[in-house]
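Common to both upcoming complexes is chain A, partnered first by chain B, then by chain C.
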Partner chain A sequence: MGPLYPQELLNPEYNLLIGALIGIGFGFLLEASGFTNTRKLAGIFYGYDATVIKVFFTAALTGLIGLFILHNMGWIDITLTFYPKTFWIPTLIGGIIMALGFVIGGFCPGTSLSAAVTGKVDAMAFIGGVLLGIFGFIFTYDGLWQSLRTSGKMGKVNIAQWIGIKEGLFIFLFTIIAIVTFVVFQKWQDSWKRKMDDSDIDDLGL
Partner chain B sequence: MNTQKNKYMNPYVAGFLLGLLIIAAYFFAGEGLGSSGGYRDVAIGVINGVSPEYAQANSYTAPHVAAGHAPTHTWLVYELFGVIFGAILSAALYGRLKFVIGKAPHITNKKRLYLALIGGLLWGIGTQLGRGCTSGLVLSGMAVNSLSGYIGLVAIFGFGFIFAFIFKSLWIKKN
Partner chain C sequence: MKRREFLIMALLLLGGIIAIFMSDIKPLKHIIGPKQLLHEVNKKGRYISTDEVAKMIMEKDPTLLLIDVRSPEEYKKYTLDGAINIPAEKIMDDSNKDYFDSDVYTVVLFSNGSSLADQSWLRLRSYDYKGNKVMKGGLNEWYRTILNPQKPAGDAMSGKMEKQFLFRKGAQVYFTGATPVAGGAKKAKPAPTGKPIVKRKKKEVTGGCG
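Here is the complex of A and B:
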């Protein structure tokens, strides 16, 4: 049955409308879970706020398990989706650049948009930076980035197949890793909370 | 004491609902949630508006402005319009809709804004090189077990901890 749009079972206009509706849910959840508060986002790296890792891994697990079940029940054929192609070298280098941007800037693109439109001035500056960076990348692409961006090409790679284990086993292992991560980060946050000022706890909503 | 402005949704509930949205996105559109791709489409739309000739000549933008293809008429741009509306809706409900500069208390406003700009600049470059951001590359990639998502996870969060150690003074005040 699914995915609908790639099989032309959904007309393009409705697809865009559904995109907007899904976006409303996405933006609502980012704001409601505190992702527009830059200190909560930075908290993942210092351990004083475990919100990001809880939301992030729960979302990944839900998507992973849900799509796995739907795929095996024949309700969605994952191979017909626009499955991401892996280019390991640029993704690794780009990811490291993003990591530096995360720690210095305190946002990522999705969270900064939710934050900027709800009045966070620092997020507006961040978005200005993102757009400048993208323009700079485009204007220097042919001379500077093209060969690097297309290097390390591996095609559509499923990590379970790449490791050489069954997909169900991989999902089981990732679930265990996620639960252990939740426990560790919760304990880390608790140890911070004991020595935090009331104003900090209030600001972070802990 | 907690006031309304800092009440947040339970993170596991929020994560579960976000996961359902990812499933819906793959089921209907055949792609996951994303953010940086929408920024890129807007940037290409601006370039195409100023100089269609340049957009055709640049090999990064050319595939997005091929004949009959409007660079901003994409799923991700519509999704981002939704994000704007959804975030405002939530902030209004929680009473958080006001102008403020988010930062650690010991950082000056000016310093925070410069750092946010530089951080954003790095994301602008990193997302185009790495083919996506935390939502499109990592979260949506992980949801379909794509190797690229896990490489992004390790790079962004793994190296994030290393950079966080180096730049600790930006977020944690020395005692």
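Here is the complex of A and C:
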């Protein structure tokens, strides 16, 4: 049955409309869960708030399990969904840069947009930085980044196939890793909060 | 830990366990989109020639599964050795799906021409059944090439054509049970006079290689 758009079962116009609606819902939920607060987002790096890792792991696992079940039920053909090739060296470097941006600026690209529309000036400055980075990359791509961008080519890789285990088993192991991570970070957060004064926690505005 | 978080973790764990069990279940078939289907229709890889089919039958290839997609009446009148009958309109019946979903068999669909078998192939492919073949030209081509092969016109028959013709004559004998036909036998008689020529050719080739 799905995905609808690659099989031309959905107009491009409706596709954009649905995308916009999902985007609005996503932004609304980010704001509602406090993800427009830089202190909450950066809290994962300092150990006083584990919300980010819980939310991201839960979202990834929900998508992973949901798509796997829907694919096996014949409702979504996962091979027709967007499945980029892996270049591990630029991905690793990009991940480190992204993490640095996250811990310094206190936002990731999506949350910065949500925060900017709530009027946060630091989020607007962050978006300015994002745009600067994008244009800087585009205009220096041929000279500086092209060889790095195409290094470490692995093709379309599925981690489970790469390791040589069944996809279902991989999902199960990943779930266990996520749960252990939840528990460890929660304990870390609890011990951190015990050390803090109540007034310090209030200052964070979480 | 909050109760809500505990519930979420329990649900994720349940999902992970379900995923393990689903790994061993064969995924249900997906419908192939029109774009991909059109792309595959244009590829000629789905065809198998009558010569290849004849060779597989003669070699008693255990992986060959011949499927006659014509009506039962036509099937009763004539069909290929070992073929089973699944009329085109019943090709997607649940009881028949196992034939097309096997990784072991080379499934060859055939009809009188290519059209009906092609249509059946298209229906199967649109439900993501891979690896099925269509016998190019169907039984009409089978008759023309295997049951009643004609010697290619003209004296200058290339080595490949000659080899193919000889194979077809052999297949004709195999499938019809007939001894070489009078005409064929008469033409075969001059063979002794032709033999030296064949030998000379062989020598020339060997010399060339040396």
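Everything that follows uses one rule, which is that the second predicted complex is superposed on the first by the 198 of 206 C-alpha atoms of A that agree within 3 Å, B and C clash if a C-alpha of one lies under 4 Å from a C-alpha of the other, contacts with A are read in each partner's own complex, and residues count from 1 in each chain.
Everything below uses one rule, namely that a contact is a pair of C-beta atoms (placed from the backbone, for glycine too) under 8 Å apart; a residue touches a chain by one contact, two chains touch by 3 or more.
Everything numeric in this text was worked out from a predicted model, so none of it was measured.
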Superposition on chain A - do chain B and chain C clash or fit: fit
Chain B or chain C, by number of chain A residues touched: B
First, second, both or neither for A:F172, with chain B first and chain C second: second
Which of chain B and chain C A:V184 touches, first, second, both or neither: neither
Touched partner set for A:G74, first chain B, second chain C, both or neither: second
Contacts of A:G119 with chain B and chain C, given as first, second, both or neither: first
Touching partner for A:T58 - first (chain B), second (chain C), both, neither: both
Partner chain in contact with A:P6 - chain B first, chain C second, else both or neither: both
Partner chain in contact with A:Y83 - chain B first, chain C second, else both or neither: first
Smallest distance from any CA atom of chain C to any CA atom of chain B, in Å, after fitting: 5
Chain B and chain C contact sites that coincide on chain A, given as residue numbers: 6, 54, 58, 61-62, 66, 80, 167, 171
Chain A-facing residues of chain B, complex: 1-3, 6-9, 11-12, 14-33, 35-36, 39-40, 42-44, 47, 58-61, 73, 75-76, 78-91, 94, 96-105, 112-135, 137, 139-152, 154-164, 166-168, 170-172
Chain C partner contacts - residues on chain A that touch it in the complex: 1, 6-8, 54, 58, 61-62, 65-66, 68-69, 71-74, 77, 80, 166-169, 171-172, 174-176, 178-179, 182-183, 186
In the complex, chain C residues that touch chain A: 1, 5, 8-9, 12-13, 15-25, 27-31, 33-35
